[in-house]
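Several structures are given next for inspection.
Two complexes follow with subunit A in common, the first pairing it with subunit B and the second with subunit C.
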Partner chain A sequence: MMKIERRYKRPALKREKEKVEELFKKATVKNLQLMRDVPSRCPGISYYEEIISQETREKELKEFSGKIVGSFCIFTPEELIYASGAIPVRLCAGFYDTISIAEGVLPRDICPLVKSSFGFKIAGCSFSELCDVAVVPTPCDPKKKMAEILSDYLPVWVLKISHDKDLFYSKELWLREIKIFKEKLENLTGNKITRKRLKEAIQLLHKRQAVFRRFHQIKRNNPQLINGRDTQLIIQSSFYDDIERWTETTEKLCEELKQRRINNDDQRVKLLLTGAPLIWPNFKLFNIIEQMEATVVTDELCSGTRHLYDPVEVDEWSEEGMLRAIANRYLLPSTCPCFIESDDRIDKLLQISQDFKVDGIIHHSLRLCQLYDMELNKVASVLKDKGIPFLSIHTDYSLEDVEQIKTRVEAFLEMIKSRKGKK
Partner chain B sequence: MEKSKINSVRKPHRRGDNPLSWITTNGVKRPITLLRRSSQIICFSFIVFGAFFGLKKQNLSFLPFIEAPKEYEEYKQQLKQEGRTITLVGPGYPQAFDTYLPIKSCRFLRQTGTFRACFVHFVSESIGWATPLRLVLPHILLFVILAVLFGRLWCGWVCPLGFVQDVLNTIRRTVKLNPIFPSQKLKRIFKTTSYILFISIILLSIISVIPSFSWSLRKQVYLSVCQMCPSRYIFPYLGGWPIVHNFIPVGYGIFTTISIIFTLLLAMSFFMKRNWCKICPSGLLLSFFNRGALMNKEKDLLKCTRCGICLEVCPLQNEAVYLEKKNKNIDYANCIHCFRCIDSCPENGCLKLKFLRKRILQSKFKE
Partner chain C sequence: MKVCGIDIGSVATKAVILSAGGEILSKGLCLTGANPKMAAEGLICKILEEAGMRREDLGYIVSTGYGRRSIEFGDKTVTEISCCANGARWIGSNLGEVRTVIDLGGQDMKVISLDENGDIADFVMNDKCAAGTGRFLELMANVLGVNLEDLGALSLRSKNLIEINSTCTVFAESEVISLIAQGKNKEDIIAGLHSSIALRIINLIRQVGEKEVIFFCGGGAKNKGIQKALEDKLGMPVYVPSEPQFVIAIGAALIGKESLKGRQKNE
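Right, the complex of A and B next:
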């Protein structure tokens, strides 16, 4: 394939690898400490703690002889990456201290997630340094333009998403995009993605999805078995972890949770968290909520449940059939606000809040993430009609506004409790 | 003591349980399709090869036997002299039951078949013979009862012609060839064709009964539905009878050409699932009952994530199940009740099959 060469290069950057690494370690340790300060915490979390602190996993990946593909969204089809023999690693980051580094290249007024993830590459640490290529889907403008800037430092493949999934040709376009992605992967790794390999990869991920759904079900039946923060930890460690090991460990954890008995009556307020992604180590909101008498029973975040919930359902095991199934799974059930219609997302919110019997919904909107902000009004009005308490929190990665959020969440919880008391 | 005994015998039925869990636990990914295939095979062998299982002609007293008027008996004799044997089935019908099912239980099967003919044949025949209402009514009543009970379940689970198409499609699946998905335009063309075909069948039957038309014209359009039907080639072939067709006079020629085109269309269901079902007049008749039938499908609108698998597996590419987000009743005219959507839906309890408001099947995530 002919490609137009870049004509204007950017200057090289100074790298602050050690400093960032140290800060990241600090943030990780601080978060983990906060999460450990909980009475009757679920056992078996230490494995996930180790994965999320990245050091061990980084060492493992350095020793890995194959290719490593960095991905940026839940739109990246992991099945194809596994089928080509490469390992996917999700590069989205929630680290505050890389933002200022990234601002040397990126403008200030864009979403902190993009800046933070990009900062890691500039600083030259974490997984982005190990990646052979980065896959950037284009749900929003910052990600799209970041792809261009990132391509100065790393080969970047862009997956173009059409923003109206109901239109008959968006499925065709996306399928074509997936096929091109497959070709690129084959060229990168030198392995042909055969039908057999693709089938194996689909089954591998289907197994993971099945285990996660089992976990989800257990948590639904008894939300006090495991914290919201720990759940997020488990989900987000799957971004980096070896898939088979993660599946096995989580399967074991499910068995343990089934055995676990907690007798004390749970008085905590059950909350549902939705909105912009909250990625490690940005567990600020989780920490604030769970330090009070509340728990996040489930979430509708692309860094959370949505990353693992939808399975690839294949009708025909021909190559085309499998690719179609993969394309459908990543495009159609997605409730990302990048799509024109937000009704599906509202449906999903109502369904989850019914299913988990939640007492209230907290909407996390990341500062400068316009897409979630635009949907906020509609979501809020629907939930108001349905009589579900709703709180929107507008924040970013910095820890400056912790006290302020605390006060708001506290008031929200008081309101829910008084409502419960009336009933 | 007695109380505990009752408890041990009658296990309380939990609401979340899938009635088909006994199959799914044995590693079967598509339990409903497995059931459907078994039903199709049993029905196929019963309907097409009934005589081989020792089924003899029965006298069913509750349904009157419809006899052709004298005029047509003479016509049959005339055909015999011409050497055409295709429409000639001797005095009366040799099939075991004088019943018209709402599926293609074909008269071309002759001695091997079990049922007399399909219901569209009956419609055309009774108009063409000007059979009195007294004789016709019980048959219509039977059809209406069967249709109201099950809707187009007949197409998906019983019809032998549907089974033939499914077998063709299964062969394609096993050799891993890609299917062709019809475009919106093609779907519209199929729909219009089905209506045109049905209306022309009725009109031609009416022409064949009007005495003021000459006999040479009337005999050409006599039972035009059977002359156009692809089962004319398929069932004699399966039952081991010779395939006979005429191109002279012109009327026969036109209908035979149409039937060849329809047979090719049916053969195309190798690539495009259930092609003939999209224009089948029996299916069209049944589809009017689909929405009000006692057997109905329901969708839990909130549980649906619109992952699109129901559209992907649907043999008639029915978009409605996938798009529906307002009405929980999802019975549509062109749904053949194959329940593949229920079978492959990954959300627990999102799609349900109900009979008399009682849940029979529901979707379940298969690990």
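Right, the complex of A and C next:
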């Protein structure tokens, strides 16, 4: 693990804080309005709406006396952060209006996610402003290089990811990164991560995973109980919410969902969404899909289900055993395209398609996210060969192509319905 | 009862009226302009009048194309992809099974792959930029000082095609301007432009897999130069119907015919 120490320093850009805050509020309100505008919406969502709107949670975090650790990607082990007494906050952003600000420092032709996240830091607003340190894993080049540039603004720790997760020395290297990460957290917080604290943190996250898996199972049995957008809202509020409160609230939600009776005529097309992350407030694709006769019943997104699904599986509750289990949890189940082979991801897509009996798959290609783009051809051809309708949507955070995307999605639904009609 | 299909495209609006037997009774075309609703309304009135019919004679109206939701008098909206597949399958039925449909429109291009039953198996469209579409041709014709309609014939006269590297409208324009400045032959430049469009289309075709019979429609299919460039590069015949711009509107009308049957059955 690397801490960036620079010989050449330069002043951090600071600009447009108020404007960004205002635009973010606008985008949030607009999306929430679109999401409320559905017949028989699942109740109990207002809690998550408040968390995703950020303001309330920002206030709470400002009052928190401990350390706050900003994280990128789903490779950053949250267990260790909690064990050190700090709080993790995921900084990946899906906001269009911070992109042009970031372009004051970053090049135009890199992925919008990196630019959007970084733009928040330049604007000096949102959660990135509250963080004592940012942890940047290195799945792709833009994230890796962003690490150095970000260190103009706050301390940055880099978690190095090997791109072949099954090699034994990749696992060893990753374990070492995790161990150094633990030490750094101890130094930052002044708290020793004891065996007991580590165990408690693992159990804390186990609780969250168990509740999420329960939610996932309820959805699997009855996919129309709650739509894809609300599901994403629930998942993404966990990026920065108080973990215990989120877990309790979601437990209650599961109870409500189980009691929920809906008119289950099942006419809506059931879709699986995969590809590059779709992070609040970039819910464009979800909104387009679900404003038509379709529901995103599940996803294979690092901004979605993958963030919460896999638990740390401990064989031996020794310090070494727990650290190993944590390292494995963040590396092995990952289907990130940063790994050389895409077969794990294809297996997963086939499995989820079957589990949720989906009618088709939509692949979100984020413009300039080369890794997902590189995998697309193979993933698409394997899934199509298995007879699963597959549509790729190539887009970014801007809204200018909404109409074109609508036509593609609508045609895709027509295609699926006409095939189903003839079966 | 008669049915009407109206295709409100980004450049032109096309409408067709079919008899219950599937015979084309009337059809027309106008520029869409800034008010798709007015264009569509006006066009339907016009083709009704030309055929000596009244609005009440139409049992079902299907609207499609980019402006499909802008009209209020339609019974149903269907995407241009489904309509295009329907129209091509019907018009091309005398050719055998149409399996690949290319549509070159004003601001987009699409390729649709049909399965052995004639259902859509897959489709691809160009991304959000208008490179290599009708708009692109319009601009290039302008730069070259020739009529859009003459591009095809001119390019067929070319003996020495000049490779144009760019299909980006802005870059291609400057590339063409510099070729003109170098005193290059117009015919050869145009042939080069057509070749670069054909390459873009073929890139889309390769994504869904090329299968014969290949059917080429949309306003761009009126250009014989693009048809030839496609055939040369694919090494397969590419079929263009007599009025390629009406394929989607006809497809929409055919969907209307089916929907009308369904409605009458229910009544």
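In this text, the second predicted complex is superposed on the first by the 414 of 423 C-alpha atoms of A that agree within 3 Å, B and C clash if a C-alpha of one lies under 4 Å from a C-alpha of the other, contacts with A are read in each partner's own complex, and residues count from 1 in each chain.
Throughout what follows, a contact is a pair of C-beta atoms (placed from the backbone, for glycine too) under 8 Å apart; a residue touches a chain by one contact, two chains touch by 3 or more.
Everything quoted here is computed from the prediction, not taken from an experiment.
Trainee: Figure out whether A:Lys196 sits in contact with subunit B (first) or subunit C (second), or with both, or with neither.
Mentor: neither
Trainee: Figure out whether A:Lys62 sits in contact with subunit B (first) or subunit C (second), or with both, or with neither.
Mentor: neither
Trainee: By the touch definition at the top of the document, which applies to A:Arg108: first (subunit B), second (subunit C), both, or neither?
Mentor: Touch partners of A:Arg108: none, neither subunit B nor subunit C.
Trainee: Check whether A:Gln404 is in contact with subunit B, with subunit C, with both or with neither, and answer first, second, both or neither.
Mentor: Second partner only, subunit C.
Trainee: Please indicate which partner A:Lys348 is in contact with in the superposed arrangement: first for subunit B, second for subunit C, both, or neither.
Mentor: In the superposed model, A:Lys348 contacts subunit B only, not subunit C.
Trainee: With the two structures laid over each other on chain A, which partner does A:Glu414 touch: subunit B (first), subunit C (second), both, or neither?
Mentor: The second partner, subunit C, only.
Trainee: For A:His394, decide between first (touching subunit B), second (touching subunit C), both and neither.
Mentor: second
Trainee: Shared contact residues on subunit A, subunit B side and subunit C side combined as an intersection?
Mentor: On subunit A, the subunit B and subunit C contacts do not overlap at all.
Trainee: Flag every residue of subunit C that touches subunit A in the complex, lowest number first.
Mentor: Answer in residue numbers: 66, 78-82, 108, 117, 119-120, 122-123, 125, 127-128.
Trainee: Using the touch definition from the top, list the residues of subunit A that touch subunit C in their complex.
Mentor: It is residues 384, 390, 394-395, 400-401, 403-404, 407-408, 410-411, 414-415, 418-419, 422 of subunit A that touch subunit C.
Trainee: For the complex, which residues does subunit A have touching subunit B?
Mentor: That would be residues 166, 168, 171, 195, 206-207, 210, 213-214, 310-311, 313, 315-321, 324-325, 328-329, 332-333, 343-344, 347-348, 350-351, 354 of subunit A.
Trainee: Provide the residue numbers of subunit B that touch subunit A in the complex, in ascending order.
Mentor: 173, 176-179, 184, 301-309, 312-313, 323, 325, 344, 346, 365, 367
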